[in-house]
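In what follows, subunit A forms one complex with subunit B and a second complex with subunit C.
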Partner chain A sequence: MHPLLIIAARNLRRNRKRTLLTLGALVIGISIMMSLRGFINAVLSAQIDAAIYGYTGMIQIHKAGYSKNVLSSPLDQSIKDTPELRAKILAVPQVTGLAPRLQFTGLYSTAPDSQGNSETSFMGLLGIDPASEDVVAPNLKSWTTDGTFLSHSDRKEIVLNKDLAAIIGSKINLAATEDQWPVLMSSDVDGSLNGEILKPVGLLANAVPGDKRFALVPLETARKLLRMEGLATSYLLRVSSLAVVETTAQNLKQTLGPEFEVQTWEELIPVLKKMTADIGRIFYFISIAFYTVIILGIVNAMFMSVLERTREIGTMMSVGVRRQQIVLLFVVEGFLLAVVGAFAGVLAGYFFVFLMHHFGIPISAPGSTFKFLMRPTLDPSWVLANGSISILFTSLVSLWPAYRASRLDPVEALQAT
Partner chain B sequence: MNRISFCLLLAMNYTFNQNAYADVTAAELLEKYDKIMGPAQFESEMDMTSNREDGTSRTYSMKALKSGDDKFRIWFTSPSAVSGQEILRIGDNSWLYLPNLKRASRLANRDSFQGGDFNNSDILRVNYTKDFDGKIITSEDPSSYKLELKSKNKDTSYDLIHLWIAKSNFMPLKGEYFGTSGKKLRSAEFSDVKEYSKSYTRPAKVLMKNEIVPARSSILVVKKIKIDITPAPQKFLQTDLGKG
Partner chain C sequence: MTENIIKISGVTRQYILGKTVIDALRGIDLEIVKGEFTVVLGPSGSGKSTLLNIIGCLDRATSGSYILDGEEIAGRDFNSLSEIRNRKIGFIFQSFNLIPVLNVMENIEFPCLLRKDRDPNLRENVLKICEEVGLSSFVHHKPDELSGGQRQRVAIARALITSPSIVLADEPTANLDSKTSDQILDLMVNLNKNHQVTFIFATHDPRVMDRARRTLRIKDGKMETNY
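Showing the complex of A and B:
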């Protein structure tokens, strides 16, 4: 080992209190930054998971032009839900599940009370097949707060958003008879009005921010109401992992051709992608501020060290140690501190994140009443980059006190008390 | 002296009357419009055809019965998808009766009438005098009056209407309908003026164009209409729905 390294290590060991204090600043700083990052990652992924596994699925397929016309007449732009088309999509590598949906709007009227009054509300609806949703959007079911989820694709049931149900005074009464059930009216595919009496079986929490005028009905019931037998407005797909979403979407586009449009969850909810980027940028500035404070503390400690060791520096110079060697000695001390501090900090940081991950943090997404258990995680490449940057900066800033030490006049330094 | 003042009075009276005939007021024009497009009571047979942007169209046939300002009932006779459906309006409330459910549910005034480009109140609630404040503004066409109608209450489906009325016979010619944002939502053309009886003449055809989705439009044709009737009051009870 280089004698300079041995001397530097010995110097650090000699003043244990100060070394521990400086290391403490680094360890605490780095571990806090890591915990914070882990927490933010958890918030982001909780939002993304809630959206993907509870609402949009990973990929959606529509008839070409659907997204453009969704406000005027989405029912015209439907997919013929045939076994052949399903097989073709499921044959694309990485596609592991498919669920057809019918998206439409309707008027919901509660059964008239004894005075003949009833409440009516306009709402957005999804016709879903509960069994296939279990594969592509398994969390949807878990948002049921009262009653049960839709039981089967062809039952006359409805699951309402909890807030909407409160507004229109629709209660879940599983014992109610059919004359007490509400009516769902909608314009069918040709524009003619149609209606269906449905049993409200459950209420849904607001798990994703969005319109609260929302309800779910079984797919076959929706098809009957809209007179759209064998049709769907969208297919939701599950693929083997989030990492292959983009490539699978490209493969699907090639397989299906221009007749269909294929969108990934990032295209379906662009706000999530933007939010991830925005938070990354904010975190970048927080990191800079945080590290500046830590590093200033380290520089301060090293200046103290130079001041205390003035006589020692004078002795070294008088026995012929060169000024560059003095600079190097202090820089190596700073480097050693940084390496040990960064390692300990990363270890401590991982420990905190592990604890948070293991126990989970209950939190609800903005605008939602549903509580998630957040599980903080860290990206190893981010940790590596952060650790390296803190080592590099700590070593670099130690140049300043080191330079000051090397400029001491040996005669005056020896006289210092 | 007396004779002179009498002549003067006569002359003044004449001038006033002349003015009154030349400059009809907005309120009078609205009243005329309501009398033509929504007589106090009538019984009619109408067809509404909606043309959709994909090139398809669908024609709905119906019978309608109106009594007074606030009672209206419709029976749909074809196509089979809506045959047996009925609409009843009493005051501000409207209900749709669905024969397969044997249940009536509330409809909103602003909702589209059977998926076409008329909304429910265009058909069920023709009473501009009650719902709008009118003002005569300069018309681009000297043979017509142009009315600007501003909504009086939030229940109306349009915030502002421009209505052109023929000076010769007070028949409506065209209309433009705007939403709260000032956006033009619909425009209408009234045509085929027909004398249904000695005392009643109106445009037989109303073409309603959708200004938001320009490929869409709907046409309402009045095939038969009788205004000298006395509607039975029980036809406007919720309990009568589904009984024909």
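Showing the complex of A and C:
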């Protein structure tokens, strides 16, 4: 091995306290950034999971023009929910589940109380098939905080948003008789107002930020109310993984043709994609600021080392060490520090993330009342990039003290005390 | 015929400190032949150290000519001077100046390992020189495990391993007791006699002056006595 490499390696052992302090700064810095990244990943993942597995599904299929007209006349944009169409969709590679939904609005009126007063509220509703939702959006059921979830597609039941229920004073009373049940009214596809008495069976937490005026009813009950037997406003699909969503959506577009709209979860909730990008940018700036402080600490320690070893540098110059070799000596020291620090930092970071993942962190997503148990994770390619960048930058900044060392005047360096 | 190892003509060295110009050397002429054992004397600030630094290629003359072992030194850049120091000059310092993280053997062989053309018999040569300077039992010791005299022996061995044209010794006995100083000086005298190593000393030690075959005296940047 070249003697300068031996000297560089041994110098790190020589001043153990300083080396440990420098390594400590790197280890703490890298492990904190990894923990923070893991935490952010968990927050984003919880938001995305809540949206995909509880609200939008991975892909949605609508009749062409649905997105444009959903606010004015959603019921006019329905699709015929036939076994043939379902089979055609389920035959597309990677599609693993399908759930039909009927999206509509209605008036919810509580049964009159002892004084004859009742509360009426306007709300958005989804008619769902609980069995199909279990496959495509399984989280929806898990957000039930009081009572039970919808039991079957053709029962006269309703599950209300918890906040909405609190506002209109609707109670979950499983023992209540039918005369105490509320009524749900809605205009059917022809504009006629229909009503259905429904039993409030459960309350849903706000797991996804959005309108709290929201309730679920069984699909067949909704179809009867709206006179829309055999129809749905959307199909929610589950595919084998998030990675194949885009390609599967393209395949579905080709298979179904122009009569249908196919949208991915990113298109349905663009705010999530934007939020992921924004958080990524914020994290990027935090990382730069954090690493700058750490790296300046390392540079300072290396300048101290140069100062303490000035006479040694003069001695090396006297026996013929060239300026480039002095630079090499200190850069190698910086590189070795960076490699050991990055390795230990990555190990420590993984350890912290493992602990957080193992025990979970209970937290609510912004705008939601539902507590998720977040489990931080890290993308190995991000960890590799993070570790490599730490090594690269620490090595690069060590060029500064290294250059200063190499520019020392040999006579002055030899006279240093 | 005696061979000039050093030939210095009209060498000056000026230092500029702000608006003040200091003439450290004011036209030095000097010739040293191979195998000489020379002492440079002079009071503090006389230019003695400056002359030695220029001879050792650690510093560059402002003007004049300096030929070392047939090569003109003036006008060379830092790396070229590094090469000259590595191949032609050995240094022995007052404070030994060993590299603390290297053991005796590594310290001695260090200058040779900086070269691209490494001597395949280097380890053998190092062991031989260790024996010659009395360090055979200490080759794996670190400098902080050695006495002052032993450290100076390592410095001597390091200075000689490259078979240099000259060895410059700056107050080599200043940090040693008198007995060790005598031993070190005797060692250098023997090396001078046996291997025709050219030694140039800067010292105030009368024991060194007693052993010197030539004495140069500098005052105010000029050679006062040269005999």
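Everything that follows uses one rule, which is that the second predicted complex is superposed on the first by the 417 of 417 C-alpha atoms of A that agree within 3 Å, B and C clash if a C-alpha of one lies under 4 Å from a C-alpha of the other, contacts with A are read in each partner's own complex, and residues count from 1 in each chain.
We adopt the following convention: contacts are C-beta pairs under 8 Å (C-beta built on N, C-alpha and C of every residue); 3 or more make two chains touch, one makes a residue touch a chain.
This structure is a prediction, so every number in the text was calculated from the model and none was measured.
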Give one word, clash or fit, describing how subunit B and subunit C relate on subunit A after superposing. fit
Under the stated touch criterion, which partner chain does A:Ile389 make contact with: subunit B (first), subunit C (second), both, or neither? neither
Look at A:Thr120 in the shared chain and tell me whether it touches subunit B only, subunit C only, both, or neither; answer first, second, both or neither. first
Between subunit B (first) and subunit C (second), which, if any, makes contact with A:Leu107: first, second, both or neither? first
What is the contact status of A:Ser187 with respect to subunit B (first) and subunit C (second): first, second, both, or neither? first
According to the stated criteria, A:Leu373 is in contact with first (subunit B), second (subunit C), both, or neither; which is it? neither
Quick one: is A:Ala131 in contact with subunit B, with subunit C, with both, or with neither? Answer first, second, both or neither. neither
Of the partners subunit B and subunit C, which touch A:Ile6 in the superposed model: first, second, both, neither? second
Between subunit B and subunit C, whom does A:Gln325 touch in the aligned arrangement: first, second, both, or neither? second
Shortest CA-CA distance between subunit B and subunit C [superposed frame, angstrom]: 79
On subunit A, the residue positions that both subunit B and subunit C contact, one per complex: none
Interfacial residue positions of subunit A with respect to subunit B in the complex: 72-73, 76, 107, 109, 111, 116, 118, 120, 122, 183, 185, 187-188, 190-197, 227
Residues of subunit B that touch subunit A when the two form their complex: 50, 52-54, 56, 58, 60, 79, 81-82, 85, 96, 98, 100-101, 103, 105-108, 111-112, 114-116, 212-213, 238
Using the touch definition from the top, list the residues of subunit A that touch subunit C in their complex. 2-3, 6-7, 10-11, 13-14, 311-312, 314-325, 410-411, 414
With touch defined as at the start, can you tell me which subunit C residues reach subunit A in the complex? 53, 56, 58-59, 78-79, 82-83, 85-87, 91, 93, 95, 97-102, 106, 109-111, 113-114, 158
